[in-house]
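Listed after this line are the structures, all set down as structure tokens.
Common to both upcoming complexes is subunit A, partnered first by subunit B, then by subunit C.
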Partner chain A sequence: MKYVVRRLWQFVPTLAGVVLLVFFLFNWVGGDPAYILAGKIANPELIENIRRSLGVDQPYWVQLWIFVRQVATGDFGVSWATNERVSQIFATRLGPSLTVLLPLLITSTLLAMAAAMLVAYWRGSLTDRAIMIGCTVGQSISILVYILVFQYVLAYQLGWFPVQGWGGTLGENLLRYGALPVLVGVVVALAPDIRLYRSFFLDEINQDYVRTARAKGLAEGRVMWLHVLRNAAIPIATNVMIQIPGLLAGAFLIERFFSIPGIGREVILAVERSDFPVIKAVTIYVAIATMIINLAADLLYKALDPRVELE
Partner chain B sequence: MAGAPAADPSKVLRITFQAAETGFDPVRVSDYYSGTVISGIFDPLLTYDYLARPAKVVPNTAAGLPEITDQGRIYRIRVKPGIHFADDPVFKGAKRELTAADYAYSLRRFLEPKNASPYAFLFEGIAGIETPDRYTIVIRLKNPDFNFSHVLAFPLGGAVAREAIERYGDESAARPVGTGPFRLKRYVRSSKIVLEANPGFREVLRDGRRLPLIGGVEISVMEETQSRWLAFQRGDTDMEYQLSEVATAFMTADGQLKEEFAKRGIRLERSVDPEIIYLYFNMQDKTVGGLAREKIALRRAVAMAFKAEDMIRIIRKGQSIRAHYPVPPGVAGHDPEYRSSIPYDPRGANALLDKFGYRKGADGYRRLPNGDPLALRFSSTPTERDRQYDELMKRSLDAIGIRLEIHKDRFPELIKLENQCRLMMRIAAWIADYPDGDNFMQLLYGPNSQQSNNACYRSPEYDKRYEKSRLLPHGPERDQLYREMARIMETDTAWLLIDSRYRNVLL
Partner chain C sequence: MSLWRLAWRRFCRDRVGIVSAAIVLAYVLLAAASAAGWVARDWSNEVGVSYAPPGFLGRDTVQEGLGEVIKAQPRADYGIPDPLGAELADIHANVSGASGRDTRAKTLAFGGDKWGRDVVQKAIKGTETSLVVGLAAAVLATFLGTLFGAAAGYRGGWVDDFFNWLYSVFTSIPYLLLVLAVAAVLDQKGILTVILILGLTGWTGIFRLIRAEYLKHRVREYVLAADAIGASNARRVFVHILPNVSHVVLVQLSLHVVLFIKSEVILSFLGFGVGVDTVSWGSMLAEAPSELILGMWWQIAAATAAMALAVTAFSLFTDAVRDALDPRLA
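And then the complex of A and B:
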């Protein structure tokens, strides 16, 4: 408990760093939103009027204080581009993002674990080498290529999936519109995950306790599935969890190509429009999610391996 | 004709937007996509006969065209009685009739500072609005303007109901309530917009058939070209007009639809957008600006070295036509016979520079007549298209021995610098807000510097004619003034007109 409280306190300076970084980066390299919102003919009076209404005519320290207050209250106001409440934007975009990301993460993790355990078990064999070469090649191809090819071949040519779209019900989105985006995501994630998880399994296979288990005459299946998998699961769980916040905001290519109204697409829109309230909110949310997930991963370590001491 | 059948609910038009809309409150938007939806939901007083060329202003919810008095200062319009807003909870079950007060309220909203409307500039000429009776609106202008009818036909100038705007506040962008042919049925921001025919829409007939002909419109936002192209080919959408990147896949070099697509029942309709794309010089810049003879010669030489045909052939892949006149085709005031007096002639450009003392130094690049180094700064955004502009500009200036510096910045920053008259050269575009030449000729009017006049051009001769043109309706007298203004601009070489892009609509 003491550990958790201490870690929660550490959130404060970390968040302060994120706030300062986002604020100065936006004001340094971000475009002036008034010139986007002013439309085709922007007279100085209109520009000033917009700047005033957005609050960007205030001194920097006032703007920074407003930002800090927004982080403290969780209320980031309204989008500068659409006047929609930022909280509403995230509330409505989170569902579609998770509809794709959760099946993607679960499927890719299970498949990558199974494949990694197999190739680790057959280390040095032809199968191991072939899969590793395949992974290296697969990893070196851009996600954009996977999207373009899969969309063209599987959706357009073969008609197995819709080319793009998003429906009104969870079932329809999960089974119909989400299937191809999930497939693309799984294929993209498999190559690096198999390579990484293989190394986790190899670390464990070479441990003394595995030799001991085998010497005791335990069946290979029991050694691998019970002992090796349990220990390798710790770094795998960490890896999966720290991917989640990044994937939420980073899945914009999949969301754009398949017309999924998710958070990643919204983030890109916000950047294109210099929509600072949305940019601020997504950065803070991702930072908080990352910190919470890191903490959860540490607690998970303890749950998976009682020998781990949290200090 | 009262028995003409209503919209067929089984017919739904499925189209796409290549960029997300921002909302449907008419005073708060400036993007094309939001405007497209708004034009289906709200009704301006006047509209256009879109099949006429140039498009002609006709009454919409007005009983007739405006009665213009006081030498173009007063517009009196009568709203047709019996038009109602689409049903909405805000009206508590009652029918809400459209009145002159709704238009007075809607037009005033553009000028309210709290709305910071991007289109406030169109309505700034209004001095006052009165509604002497329930159906009559009188608009008093600050200055005579015989073209104000175009502003009254502006699609975003449709009537909103005060009670809806006050009730929904910031949510008005997602809760549009108008009198137009459609109403919003389903809205997933930045993703899906579903419109359905407004069952209470007044009787409007075209060729004996009641509008709207279809039961709804389903709009999907698809940012990626491949997604739009494949969706169209699969029959997921009914119409596509944003496929310039893949135009060669379905069109022959002479602009015809390839046979394989025609066989599948696909049609191609091609038109030139009411837009101009032009290279401008900042007339206040100390290197390229001003009306001194050697400065005009420098600008003229750059314009003569710029191969607009390469822009069309290589960058646009043949999907545009050469622009000669500041008013593009389809817009009132366009002159199809007019030809630019600035030829493509790099040899002549070199001779011109030699004549005015821009001598080449040891490094092969020209210097200013006083011997100082000469480098021209071309501004563009960090996009693939603008990188091609950079290359074309580099090739053009290399041909006349002028050193080029490329200035890269994001679009809003370029606009900011442009409004402060701090860019030297840029390729800009302007698409019609309304199909009248005034919307284009104002781009070179001196007092519009730091606003729409991005060349910061100030010519007393041009301005005098422009002010006179504003007092004239579209006609031969105004056309003559426009021709003279175009020649004045060319003589000073504030711009080089480049092209206007085709719109290829696949159906």
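And then the complex of A and C:
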């Protein structure tokens, strides 16, 4: 408990840093947003009005204060492109993102664990080496190619899936529209995950307790599924946890190609339209989520492995 | 025997490492030749017809007579001679393929793009762009990471606190989101911009490793001995410790080349990367969706093959270098 409180206190300087970094980027490097907002037919009067309403005619410390207040209240104003409230954008985009991400995360983790356990058990064999080479080659192909080829072959040519789109009900989204995006995501995630998890399994397989378990006559299946799997699952669980925030924003390519109205697609749209309030809000929210999830990952690690001492 | 000669000897025994090193070297030479203008200099020339198919497929794969659509129309000129008439007639004749002067090839070695540019030349030029971006950004990120890591690990105290704080700030924002945010703010395309974006955001992993190495080395006897004979701080950091952690730096440099090549491809694909007058693997892939619908697969195939081979070779090369430099891991 004391540990949690102390970690929560450590959030403060980090979050302050993120706020400063975002402020520095958007208010200092980014130039005058009034010119972006006023568009092509700008007159000085209009620009002056926009500058006043945004507060960019104020000194930097006043602007910083405005931004800090936005972060504290969670009210980032309205999108410059659509005039939608930024908080409203998030509330409506989170659902579709999670509809794709959760099945993706669960499927890819289970498949990668199974494959990693197999190749770690047969380490050095032809199967192991073939799968490892396959992973290296698979990892070297850009995610863009996977998306393009899968969408073209499976959806456009064979017609097994809708090419893109999003429906109204959860079941329809999950089974009809979400299936191909999840499939692509799983294929992309498998190669690096198998490599990483294989190293986790190898770490455990060479431990003394495995030899002991074998020496006392336990079946191989029991040794692998009970003893080794449980121990290797600890770093895997942590690894899955810390992947989540990156996935939330990082699935933007998948969301963009399959027209899924999620957070990732919103980020791309915002960058294309120079929609600063949305990008700022995403960055701050995802940073907060990252910090919370990292803390949760540490606590989970402690819960799974009582030997770990949190300091 | 020096560390480097031992590592070289171990490296030579690694057959996969030798092959991948040869491929990496070939790519670097190709990129250098392209930069010097020896190959793929005329990549932007429209040498073939639009969507010229690869030579081995034959010319029947695309509908003949795309030019028919743009046949010369009879125009009323009210008796005034058209000042551009001669040129226009020339263009029409060229487009419809009626004149014998059409020099544009009907097929190209590995096909052409929408404007009839040779895909092989584009892939070579793209190799140059992607390698330059990957290498330069990796050098920048490695330089920053090493400098920050050395300062934090060696000095400790408030310097360490400051860089740790910076590290936690940068790592609490997912990498691609940070890259996109910086791209949105800079809002200008170009090779230099991409290098800066990737280099300035990508130093965190190297920083953590180098900091840990300096923490470890700072209290070793050889550093204390250097202190005793009066070596300055800068001399201890850069002359005494740095060579002993340089294998970490080298491996990280190589790893980040791969990471940045992949990131550049995504950035250019989304249109936030290199400019329109430059070709990279990412901008080649960006043309692929509309081509695939028409059944033109050669450009995506060329870009994917060039990138997959380069990245695989670089990854295996990195593994081989790491094994050679740090045999305990093997």
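Keep in mind that, in the parts below, the second predicted complex is superposed on the first by the 307 of 311 C-alpha atoms of A that agree within 3 Å, B and C clash if a C-alpha of one lies under 4 Å from a C-alpha of the other, contacts with A are read in each partner's own complex, and residues count from 1 in each chain.
Going forward, a contact is a pair of C-beta atoms (placed from the backbone, for glycine too) under 8 Å apart; a residue touches a chain by one contact, two chains touch by 3 or more.
Note that this is a predicted model, so its numbers are computed, not measured.
Applying the stated contact rule after C-alpha superposition, one finds that A:Glu204 touches neither subunit B nor subunit C. In the superposition on chain A, A:Tyr152 contacts both subunit B and subunit C. In the superposition on chain A, contact is made by A:Ser140 with subunit C only, not with subunit B. With both structures placed on the common chain, the touch criterion links A:Ser274 to subunit B and to subunit C.
Legend: residue contacts after superposition of the two complexes on their common chain; A:Val282 is shown touching subunit C, with no touch to subunit B. In the superposition on chain A, A:Pro44 makes contact with subunit B only, not with subunit C. Of the two partner chains placed by superposition, A:Asp193 touches none, neither subunit B nor subunit C. Residue contacts after overlaying the shared chain place A:Glu266 against subunit B, while subunit C stays out of touching range. Applying the stated touch rule to the two superposed structures, the overlap between the subunit B and subunit C interfaces on subunit A comprises residues 148, 152, 156, 274. Across the interface of their complex, subunit C is touched by residues 13-14, 17-18, 20-22, 25-26, 29-30, 136-137, 139-145, 148-149, 152, 156, 245-246, 248-250, 252-253, 267-268, 270-272, 274, 276, 279, 282-283, 286-287, 290-291 of subunit A. Within the complex, the subunit A residues that touch subunit B are 31-33, 35-44, 46-47, 49-50, 53, 78, 81-85, 89, 92, 148, 151-152, 155-156, 159, 162-166, 168, 256-261, 265-266, 269, 274.
Put simply, subunit C touches subunit A in their complex at residues 165-166, 168-178, 180-187, 258, 262, 265-266, 269-272, 281-282, 285, 288-289, 292-293, 300, 304, 307-312, 315-316. Per the touch definition, subunit B reaches subunit A in the complex via residues 20, 22-23, 25, 28, 30, 113-114, 116, 118-121, 170, 173-174, 186, 188-192, 220-224, 226-227, 230-231, 233-234, 236, 410-413, 415-416, 419, 430, 433, 448, 450-452.
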